[in-house]
């Protein structure tokens, strides 16, 4: 059922009225987002994978190893996962340091330097001697993240780990998670109801709806699916893969080229030649028939309209092809009719450079 | 038995000075000691507060046949720290609502004796509502000493203790008003071959011990 | 003043307390965590020894532990010694009699350990045993303290069972509670007051120390 | 077979249990919540009665509750009746003797009530009293159950204190523990076995019912 | 110190290394956002107002009533507030219904109809008979919100109430909070690290930084302050107040007019003549010298550049005047130099209609 480097699972369980019925095959690499409304079953799915739910008759194969089948189930402690719970769950009788060391002690692979790096990154160096009761909500969650990471897991399950963090802290931790994943290639399963976070982080996306899998697949392909407006809400968008081609030190702008065009992005995003990936929200793309002039919109792409889909009541989603790259634009129905946009038309897409999302680092 | 404890200590001390044999005393109510002996207690000699227990031990073979004898005869007294000294006995007739403490007739020989006495005096019926029962004579005396009961029918030996509050009344109940309070001793199977234990029993029957027993407020056979 | 009985009592109470904490640990854990239907039955059985008057319980223990009793016979064949009228017998009797006072607080403390904490420990690589020792046990220290205090104090004060099973043998089974009892029974009130006062002061000091420890844990 | 003593015991144990739950509530709450430095001292004092042998404790209570004792004198002037050798006296004595077994579980349960829940209750308009009755108390039901079981069972089995303070008066203070004791003492072993069996079966039924109740609460 | 309709407070307290030192005067009306990084002291401030922290020597005046001063402090239960804590804090021994009724029972003013409305809005009608342990994270938080609201408070304190909710649920609850506030005029103090939420909801904004007040005032004035880039991050933007002038049923677009121009917004936003307020993120505004043609950007406003502020490294914030309304645009430094934008210049601002934020209802 599952090949090496994959995780294959089939779970069915009932909790009151709610029933989880999922069968998934996910790559054991990269970051897999799990997205869905409150009560969709995201937490339950993670708990199943961690071995915390009894679900007889279910199956879980991880990289060819049978973790659960009809007969037996590997106990939670032997699954070598890191789990960041939805609430911090710090051990109240231990201070912050002992909490973090709890997992380290039980898995011999972590080094002191790594400890220092994680602590510093999460901004909890000054909290090490505190008891959990003396932490703010966000601080406790950061400690919980450090604790799970320092346990040297084979993969990490994260249940809305950043929900209680402010934007600044989030934008510090997100790239760390990316780097962690890039450097150690630890796969991460990342539950979030925040599509920005997911798009920023994930390679794969699973969309859960009321205990069922509404969509699952490579991030880009799920994102540009336009049949999920209810589930996806404002989240529609697309991913561009390119390379950093230039850096304008004067204005601090990086030039990203990809098969189909180029974009100027603020800031120094990497070295020239680095691969780079970015998300463009459908909301941040507008279309014109002609190239506008004298505008602060830096980035204009020549695109072909591939498809148009209604997103009631007032807007429509337009799928665009820029070279081999797909883009999605959200425009009002009126604009579309005024410009009489049709599949096959060549138009100019304006992408607000400052609106692009944080990219994924590394190869 | 526990009421004989202090007397036994005196006798044991005398015995030790004479023979050099150390004596270890284990005190409890005769009922407890009896149960313990039946279940393998490492006791050599039983000094019971009654004659029943040694007889039963004798018959069951737990005691050495032929070693049973009466070492002391208890004397029942009516004790009070509040009653009119002159009319001690007759005061009891009109004790009204005052409490009268006796040892439990079920478990203690002095209790049985007290009951017989009260019955023979025709007081049992009228006094029943006023009676309180001690686990043994010691407890009956506590009731009176602490002021909770006006009278106690207890062993004379107890009332001689110097630390007691002085009694206003200590009337010795005539010996014929109840069955004799025979306290018997017996050599136990555990010590069947123990000469020191036999010596102790002989010593207990000897004049020195009898004297001590008499001075402690008992009769001797 | 002969303080031998006090010393003996302290030994007995300490050993009983330690044994009960040991026994109470698996028993309390099982009772706190099991979903078995037998749970209430076992709980009731554990609580049953205190329902009998101590002397009567002592009487039955005397039968059980005596050379004719099953346990006593087995022990005698094993060690060549009698369980009754020995310190070992006292310890067994005290353990049975004080069992509920140790098991209840430990069980309550274990019940208060959050499942979510255990789950977190498992996902951090601790197996059930490890999670028990590193999470459940340290979070239940105060339950242990209560268990220790109740079983220690209860054993210190016990005399019915001890008198029956132990036989009031000086230096071996005459503990302080029996010594005081004897003095009260033989109307040596002054000596009894004195010995009681010593026992109370000693017990108060021990209890105060334990509760103060408790306070410290709490403030951490 | 005279079951009067059993009935008396059940009355005594029930009343004592109820009184102790009442007394244990404010006491346990205060002990669980206070930050006073007196806390360990008070805890030690509460635990102290069980350190004394029951008969000896009974002896001191006899003095305290007797007509010469301060409490007894006061009661006598109030009610014209004596506290000793009466059912009321037994209740007082049992309460003192079983106090720690009621207070400890209640206190532990109160300690487990989360401050955050109380805070939430306050912000929802409940004053301290209201929050106590609507949050702390219902969340501590199992502590109360443990307290009820321990104090009930302990009072049922108690006889040293009761014998001393009560005077073994048939129908008034001769409870079942004393009745069994008397039978053992007077070597009526068969009767003792029978009465013990009745007591055990009865107690087991009561305990089982209580623990089963506990199980139900737990499953809710 | 405080007038009727105001809340005036002065708190100072120390918790370990952290010290809270705030003196604030806030209107007892509308919604006041409290914004700040993790550990800035947001929760501590709310706890002080609720009477849950001991802070001797502090002062709190609410609508002229002295709730706390040097001598005395009104106990928490008598403060008649609703408090939604950072974690749900449901009573574990009560089911959902009893949890919600807990506050209702203790304040006689709530009606059954209101109960039904709140329950339905928060989507918890099916959960009423559950125990808290059987709820998902988001469900529990919704129950906690219902519980606080049904207590009929004089004002509400909310500590990141929506952090654990998905976007769809959020966008349902936010307007309800607005409506609640509009209809019952219950003031709300709303802690969040999500500036979108705050801008969407609040009239007033307090920015906390490490226990101190970094800024406090009317939302618009704090938002257009350009001296807080560190604290505000991506949050810069502006507020427009206008009236609904027209509704195009065909395209489902509403026309909003305000002193300085007009904007087309998707959806039917209200009745014609209704007042309407919306937030425009600086990131969603671009500038051109001339009116662009043939573009899907519907909304073009004629504006005057008022000021320009550097926002390192690559962007600049431009404050614009559209009639009497202020707008902020974020543009790249390069664009600014290419177009040579200077204070005083007249330019055209393009506002992506689909990017506007949900408005506040009512007067």
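Assorted remarks:
Note that the chains are named A, B, C, D and E in the order they appear, and that numbering of residues resets to 1 at the start of each chain.
The working rule: a contact is a pair of C-beta atoms (placed from the backbone, for glycine too) under 8 Å apart; a residue touches a chain by one contact, two chains touch by 3 or more.
No experiment lies behind these values; they were computed from the predicted model shown.
Touch-path distance (fewest steps) from chain A to chain D is 2.
The most distant chain from chain A, with centres taken as the mean of CA atoms, is B.
The interface with the largest number of contacting C-beta pairs joins chains A-E. With respect to chain C, maximal separation of chain centres occurs for E (centres as means of Cα atoms). Mean C-alpha position of chain B lies 35 Å from that of chain D. Rounded to whole angstrom, the centroid-to-centroid distance between chain B and chain E, based on C-alpha atoms, equals 91 Å. Between chain A and chain E, the centres computed from C-alpha atoms are 26 Å apart. Annotation: 60 Å between the Cα-based centres of chain C and chain E. Multi-chain contact residues of chain E (touching two or more other chains): 87.
Of all residues in chain C, those that touch two or more other chains are 55, 59, 184. Counting partner chains per residue, chain B shows two or more touched chains at residues 32, 35, 139, 142.
Every pair of chains meeting the touch criterion is listed here: A-C, A-E, B-C, B-D, C-D, D-E.
Residues of chain E that touch chain D in their complex: 50-52, 75-83, 85, 87, 89, 91-93, 102-103, 106-107, 131, 147-148, 151.
Taken in their complex, chain E has these residues touching chain A: 15-17, 36-39, 43, 86-87, 126, 130, 134, 136-139, 142, 159-160, 163-169, 171, 193-195, 233-235, 248, 250-253, 264, 266-268, 283-284, 286-290, 292-298, 312-315, 329-337, 339, 350, 352-355. By the touch rule above, chain C contacts chain A in their complex via residues 116-117, 119-128, 130-131, 134-135, 138-139, 220. Contact residues on chain C toward chain D in their complex (touch as defined above): 39-41, 43-45, 47-48, 50-57, 59-60, 100-101, 104-105, 108-109, 111-112, 142-143, 146, 149-150, 153-154, 156-160, 177-178, 180-181, 184, 192, 196, 199-200, 203-204, 207-208, 211-212, 214-215, 218.
The part of chain D that touches chain B in the complex is made up of residues 55, 59, 62-63, 66-68, 82, 84-85, 163-164, 167-169, 181-187.
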